[in-house]
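Here the structure is laid out as structure tokens; the discussion comes afterwards.
Every chain is named by a letter (A, B, C, D, E and F) in the order it is written, and numbering of its residues begins at 1.
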């Protein structure tokens, strides 16, 4: 019954998102001994101009 | 003073969102004995390609 | 597949929480035409000393 | 290591967002005695049609 | 710079939480090509009496 | 109408929380030109054992 929210800078491909979600779901399923379909993962894209580190916007995903 | 966040697959009409929010607000107001205007509801649309169940994206709101 | 988070000042009884969650779930199920068991609701109790309105903590649930 | 999420009605300029984030980060850094770069702030724009107060959508940022 | 929130029914051991967080962090780091220390994971324990599926509280982690 | 959630390692005093919330509220009020009482701030304490950076728990607030 876990609910996972992943906030990440926008720009990652659907393929990467799929892979991240699959591996996150497998990890929780295996370690917590829960069926895969009880695990929900939501990926929330955040524009670099809305994510601030040290008070400064992070504009360029590449530099991270 | 409750704050309600509803993450839902995108695609529902404004009319449905209004109806959901109205009923959710009324329920909390009546049961918790709080004035309606102290209750905030935010609906957060999530694309099917960003919502994963069992590690798989849920693409088609219709099938849900 | 909606996920609902309700942040509310702590102090409400389990009976009230059950009633709120039941009515919220029914509202979403009926309006969005989704099966009840696809709707998850999490109630997150917040101490009055950690909830600030206008920069001031809200200590007394009764007064709300 | 604080993580700050600010949900706000959409429509504020980038300049305002930068200023808000800078001041929020400074406040936490000074009061909690943490280095600026350990503080992440995410601003999450919410359309007025998805933000409900008292069960009604808040459409016009200007009126707030 | 991803921020991951994992809401899970309370009752899992610290060892399990450590293992879940390690694997989730590795998955994101490898797939998104980000340094491990730019990834924050927060595990948020939820009592079964505050987590509702289909409008009913889920009291017993074992049964999940 | 902003809603601010601040996740922070537990252990900060109420006085610090009050000061952070006051300053965060003032900053948003002044920059976004919103009345103070339309701004809600919730501080969410996270135990160090539940907050992971680089896949490792952060146990000691002092070291941060």
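Simple rule for what comes next: a contact is a pair of C-beta atoms (placed from the backbone, for glycine too) under 8 Å apart; a residue touches a chain by one contact, two chains touch by 3 or more.
It should be emphasised that the depicted structure is a prediction, and the values quoted were computed from it without experimental measurement.
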item: Furthest chain, CA centroid comparison against chain A; value: C
item: Distance-maximising chain from chain D - centres being C-alpha averages; value: E
item: Distance between the centres, which are taken as Cα means, of chain D and chain B, whole angstrom; value: 21
item: Distance between the centres, which are taken as Cα means, of chain F and chain A, whole angstrom; value: 22
item: Residue numbers of chain D (touch at least two other chains); value: 1, 3, 7, 24, 40, 42, 51, 53
item: Contacting chain pairs - touch in the sense defined above; value: A-B, A-C, A-D, A-E, B-C, B-D, B-F, C-E, C-F, D-E, D-F, E-F
item: Residues on chain D engaged by chain A in the complex (per definition of touch); value: 14, 17-18, 21-22, 24-26, 35-37, 39-45
item: Complex interface listing, chain D residues touching chain E; value: 1, 3, 40, 42
item: Contact footprint of chain D on chain F as seen in their complex; value: 1-9, 12, 16, 19-20, 23-24, 27-28, 31-32, 34, 38, 51, 53, 58, 64
item: Complex contacts: residues of chain F adjacent to chain E; value: 7, 46, 49-57
